[in-house]
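A, B, C, D, E and F are the chain letters, set down in written order, and residue numbers restart from 1 in every chain.
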Amino acid sequence: MKLVIAVIRPEVLDAVQYQLQAVLDEGDNYRLTVFSVDGHGRALGEIEYFRGQPVRQRMVRRTQIEIAVNDEYVERTIDAILRGARTGDKGEVGDGKIFVVPLHECIRIRTGERGGDAV
Amino acid sequence: MKLVIAVIRPEVLDAVQYQLQAVLDEGDNYRLTVFSVDGHGRALGEIEYFRGQPVRQRMVRRTQIEIAVNDEYVERTIDAILRGARTGDKGEVGDGKIFVVPLHECIRIRTGERGGDAV
Amino acid sequence: MKLVIAVIRPEVLDAVQYQLQAVLDEGDNYRLTVFSVDGHGRALGEIEYFRGQPVRQRMVRRTQIEIAVNDEYVERTIDAILRGARTGDKGEVGDGKIFVVPLHECIRIRTGERGGDAV
Amino acid sequence: MTAFPAPLPLTLAAAGPIDSGSTAWMLASSALVLLMIPGLSLFYGGMVRQKNILSTMMYSFVAMAVIGVQWIVIGYALAFGTSVGGWIGWNPALIGLVGLPHDQLFADKAIPELVFVMFQGKFAIITPALISGAIAERVRLSSFIAFIILWTTCVYCPLAHWVWASEGWLFKWGVLDFAGGTVVHISSGVSALVLALMLGKRRDYPAGAIQPNNLTMTLTGAGLLWFGWFGFNAGSAVGFESPVAGTIAGLAFTTTQTAAAAAALVWMIIEWSHHGKPTSLGMASGIVAGLVAITPAAGHVKPVYAIIIGAVASLVCYCAVRLKSRLGYDDSLDAFGVHGVGGFWGAIATGIFCTIPGLSGLITGHATQLFKQLAGASIAAAFAIVGTLLIGGLVAATMGLRVSDRQERDGLDIAIHGERGYHL
Amino acid sequence: MTAFPAPLPLTLAAAGPIDSGSTAWMLASSALVLLMIPGLSLFYGGMVRQKNILSTMMYSFVAMAVIGVQWIVIGYALAFGTSVGGWIGWNPALIGLVGLPHDQLFADKAIPELVFVMFQGKFAIITPALISGAIAERVRLSSFIAFIILWTTCVYCPLAHWVWASEGWLFKWGVLDFAGGTVVHISSGVSALVLALMLGKRRDYPAGAIQPNNLTMTLTGAGLLWFGWFGFNAGSAVGFESPVAGTIAGLAFTTTQTAAAAAALVWMIIEWSHHGKPTSLGMASGIVAGLVAITPAAGHVKPVYAIIIGAVASLVCYCAVRLKSRLGYDDSLDAFGVHGVGGFWGAIATGIFCTIPGLSGLITGHATQLFKQLAGASIAAAFAIVGTLLIGGLVAATMGLRVSDRQERDGLDIAIHGERGYHL
Amino acid sequence: MTAFPAPLPLTLAAAGPIDSGSTAWMLASSALVLLMIPGLSLFYGGMVRQKNILSTMMYSFVAMAVIGVQWIVIGYALAFGTSVGGWIGWNPALIGLVGLPHDQLFADKAIPELVFVMFQGKFAIITPALISGAIAERVRLSSFIAFIILWTTCVYCPLAHWVWASEGWLFKWGVLDFAGGTVVHISSGVSALVLALMLGKRRDYPAGAIQPNNLTMTLTGAGLLWFGWFGFNAGSAVGFESPVAGTIAGLAFTTTQTAAAAAALVWMIIEWSHHGKPTSLGMASGIVAGLVAITPAAGHVKPVYAIIIGAVASLVCYCAVRLKSRLGYDDSLDAFGVHGVGGFWGAIATGIFCTIPGLSGLITGHATQLFKQLAGASIAAAFAIVGTLLIGGLVAATMGLRVSDRQERDGLDIAIHGERGYHL
């Protein structure tokens, strides 16, 4: 099992969810946890104006999603995210990253069942 | 060392903390980091009304907690969370998940000490 | 590759970023994701007053940062965080923790490139 | 029954001393009506998504800025200048008010004409601001500005003249509109609908589009609107009595309060029985619906009828906004559903319940007034629709009405205004 | 010294012309008092947890809707109809105000009676709204509605008659209550306490229960209350002078401003010396405490005494709210601690400092007035307590007072109103 | 042209009956001016970072509490007591207003003097509150309190006497300041600048320091300021006509509305052409700039000139705030850039455009008035600067002006007030 973590643009969350729904065979029950985060990287922060003075935000608003999946689903999950989160075909600076972390165990609180089935 | 990550209902956080306090022998100093997140899964979002029109929220409000523990504590931590976070005895859809991630290293910033003692 | 997770005081974020910028050879493009979280540990919550009645907050406001780095960068990243996040030379209760999680894979959404280069 | 006569020839100042009481009330009323505009911006601003909150509030503030100037420069001259055959006012001396001495009294009222200019000016400001509710979250700011300048000049000013000037043809014919149900609410409501149809739906309507970012703002806005509306309605006694702060003003104040309360109550009951959740947005909507409906009738009906007028207002408006989801057009914040429909009901209700001063409506057995009200409302609506089609079409053709899809996605606050509402 | 006489037989309209100045001020005052209710909803709303913010604000808005109608239908008739032995007013012609011609003047004042109806109506609305502060975050909306309808009809209206109607027995006996310290604040304060005790504590009181979600709202609410209170107090000159906008109104305005400032200052000093942190909530609380305390005395004392009245108000109210944590009852937002206690102090202070018009209090060596004030306040409190016990008990027995534990846990906003305050 | 004469010897009460209309308007105006202070706290509060929002709002509320008391105790006596050679007022009987009978009328106006005391008191409160904008996010609360008490007593009161009392030397010399452009805005603006320089920059100015936490509050505040300003300016007709609610009041109301609208419009245009983003903060700033600039001229110029005055105000203020970033001092919220500069322009504009009542400015070919305006503004500025240097220096030496670096880092809300603005 793996924990797929992706930092994406807030505005593409819908697109990513749409893609996930297609690949994770759970219909509309695909599972996902969403964080709103601030990011720093190559992308520049938004410019806001304060009485005529441009102020560049030092952070960019990003959304982080976490998806725990079984190993055989990792690749298609990644592809789904790539499809949904990339700007245009080329992509743009700021599109974000996907991190895959090994998952030692997974428990469904409701039932207490563990491992792959619980994901 | 493991990093125990649990997605729970916001309203059970108190109960979960109460349970954790019992098992982690740190008295009221049990350590924990809390995120407020949006979740998607089998549970349905809240229904809100906008001028007579029911609007089903596409996400549910959830709380994610992270607890770094030494291996011997993992099980009792999980059990504590299960006790605190499960709705009724049967549990209900939406009760959430627990993910256990291997922890490579842990450092206490204050002292710089590492490993198990730092957890 | 590792995912370095640190829970720090909100007010030291600037200092930490300053330190990171020095060690991660990306100039101002050093990469980082920031969460605002609530923490519980040995540090006591803030006292607020409500009509003369002191109310101790049960949680403390903390900031969590995540940095994915290649293995050779882990140590200097940790050191940078320690330099930036420790209060005074001795450190104070509440300074927080650093957790290092193994990173199985890393993908840059923009380009799709993987592994070390993508970090 | 009198109305707002065209000002006397400006050379000779009106005789008679000033009445400080009437002037005090008209000054207060004018201030109250101005406050309705920030109130409206809160009412609307709370209902949109966070990414558009500033932009939505700005439509109202922009109206204060733009129409605030337009009214002094040309608006008042067109609406209340010497009548040209009852169709439009005109008086070169009133351009920029240059020819209006500050000590000129207004008609047969013992108040300075400047105070009347101000009072009326606030109505001219709020009307286009109301329209913004239907097109929020997607209309271009520059196009909105162009539109409201043209609309106020070519639609609102003539309409105000027809209905309120003593020479206005609808007024002379006997159409009643005590405080602007027709001139303000019907005209803005139907224009809002037309623009909403021209603009089309928001990119992610309905689901995603409905997520009020801050309902406490909406409630507060409704409270400020209720407060300001006392100036709106009770101040409009200026058309019917002297001294102005008199019995008609007191009546208008009473019916306004009563209709708002009754409408809020009924909207709550409807929601409760309909889906079991009496919402705060419903409370706010009921308040506004009741205030809209009583506006044309405020000084003409007995307080007890204000209860009926308010109650029915919530009923019809609630149905109207529900209908929207059926018909599927996207009137973002129900400017038409509340102001258009509520205004129509108000015009009809005036024809049914009016008895004061010395009037006779359906309840006293005369259908004529009701007929005139229907005619007046329809004419005003038709005129506003045509005007909006022309002006909106012109603006659409020249500058385009809608922001780019990307701007709409990112939110108008950052895309157009270069700001974020909150940094929490 | 006069008061609000029972209206003249409605057949003959009061003689004499209308005074536009007095009418203008009473219209403005009535509007100001209405604004206090949204102000109160902000004041209260900011103090509760986020999950209950809409529900807490709604209690005030619901009062506007429900009592707004009740007052027209029956309330005014009961409070100010022809007196039945000084115990209650009654006048069938006033039901729905159907028999009240709009041009009827009020008593010997040159203002329309409808304006007086409105002014008084706002007092009837805010009083039950004040009660909601003690029971917020757990009372059922439907039960609250039932309660305030019965309470206003059976407790408030008689009390208003006793104290304010010219035939009212407490009034005739010489109890002073210039603008409602007894009728509004004591009655609501003690009733709030009784209800809080009946309801019991919030499920997670105290710790978790104290987390004001938005103190900027509370500060803003306090500001609006201060503003509206000028209408509340200075408008109450209607009971004591004609023209109304006269020297008593000016005095009441001055003492109101002064007491509020002094109380805010003293509350800040107390907190500073007590725990070193002058809070914004303390500032807001001090403002309200001072306004409450000066209410019964506003038109009766010299400005310099308003400083003392305000200062002492903060002292006693601060102690009262501190005491709460000791006694351990859960008056969520200190409706009793501020309005009950502050109102009592105000009643006493009136007996001590009153000198105007032609009165004589303790400082001028007469203890009688002080005694009457104590008696009046106690009688009003006792009456309100008994009434609340009966009505509250009835509602508790029939519909239950409290939401379910789960609703309370999830928050009343989503559970009762199907909404969330913020979507940030 | 008359002004505020020193009160008559208090023994004999002014003859003639009261004018209820004038009194009604002055009561309403005083209430409106009070509302400006919560409005200001919203306007300022929205612009700072979240960690300082309560502290920033509190500066305004503290001014209400502290100066509210100071004015009754000593302020009014100093500003409007019997003139001592035109330099300062004094009248022992006015200390605590003890010797001022409530039925004393004000000078030749038919209003109670207490109402005039109140109206003027609100001006005394808002002036130091304005200063807080320059020093927000770092000044110590206790030092701020000490400063404003001394500053109001030693700087504001004399200045008000010079410019507004009938014996005041600047007034007698013919300097015009209709509603406080010099007394309120120039004095607070320059003092704000001096304090900002004494305090130095915020620890993380500029970058981090500029992150307005809630621009909806700032917009709402601007709306309340606009509303309240009608009382501020139109109420100031009390200095120039009787009855007060007359043609000058109407004129002042009109020019106020017009200048605010024009300034808001122009600020928007400037931003649009300068960087393409018309901001909501710009809208709010333009509104305030226009209101500031018209203040001294409100009752003296024709409405059409108000358009020019407002437009130019935005121009000069925009440049001024831009300049700040160049010069590099840290006037947190541009108290100087808007109030100081806008006030100066207003004083000059008055000299250029004044024609009413019976005045003659540059446009009518007389440079004298313009010269007097320049002189008056400069003298007031110089006096305020010196006074602030002395008082500020004294406070700095004795208690220190600035919070500790750690308090500033953690935010003043938690560090000083022991609260957080939001718990969302």
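Throughout what follows, a contact is a pair of C-beta atoms (placed from the backbone, for glycine too) under 8 Å apart; a residue touches a chain by one contact, two chains touch by 3 or more.
Quick caveat: nothing in here was measured; it's all calculated off a predicted structure.
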item	value
Path length in the contact graph (chain B to chain F, fewest steps)	2
Pair exhibiting more inter-chain C-beta contacts, A-D or B-D	B-D
Chain D and chain F, separation of their C-alpha mean positions in angstrom	33
Distance between the centres, which are taken as Cα means, of chain E and chain C, whole angstrom	52
Residues within chain C bordering two or more other chains	35, 49, 101-102
Contacts with 2+ other chains: residues of chain E	19-22, 24-25, 28, 208, 211-212, 214, 275, 277, 279, 281, 418-420, 422, 424
Which chain pairs touch, all of them	A-B, A-C, A-D, A-F, B-C, B-D, B-E, C-E, C-F, D-E, D-F, E-F
Footprint of chain B on chain D - complex, ascending	206-208, 210-212, 270-271, 274-275, 277, 279, 281-282, 285, 318, 321-322, 325, 334, 337
Contacting residues of chain C [partner chain A, same complex]	3, 17, 29-35, 68, 101-112, 118
Complex contacts: residues of chain F adjacent to chain C	204, 208, 409-410, 414, 418-420
Of all residues in chain B, those that touch chain D in their complex	49-55, 58
Chain D contact footprint on chain A (complex, rising order)	11, 14, 46-49
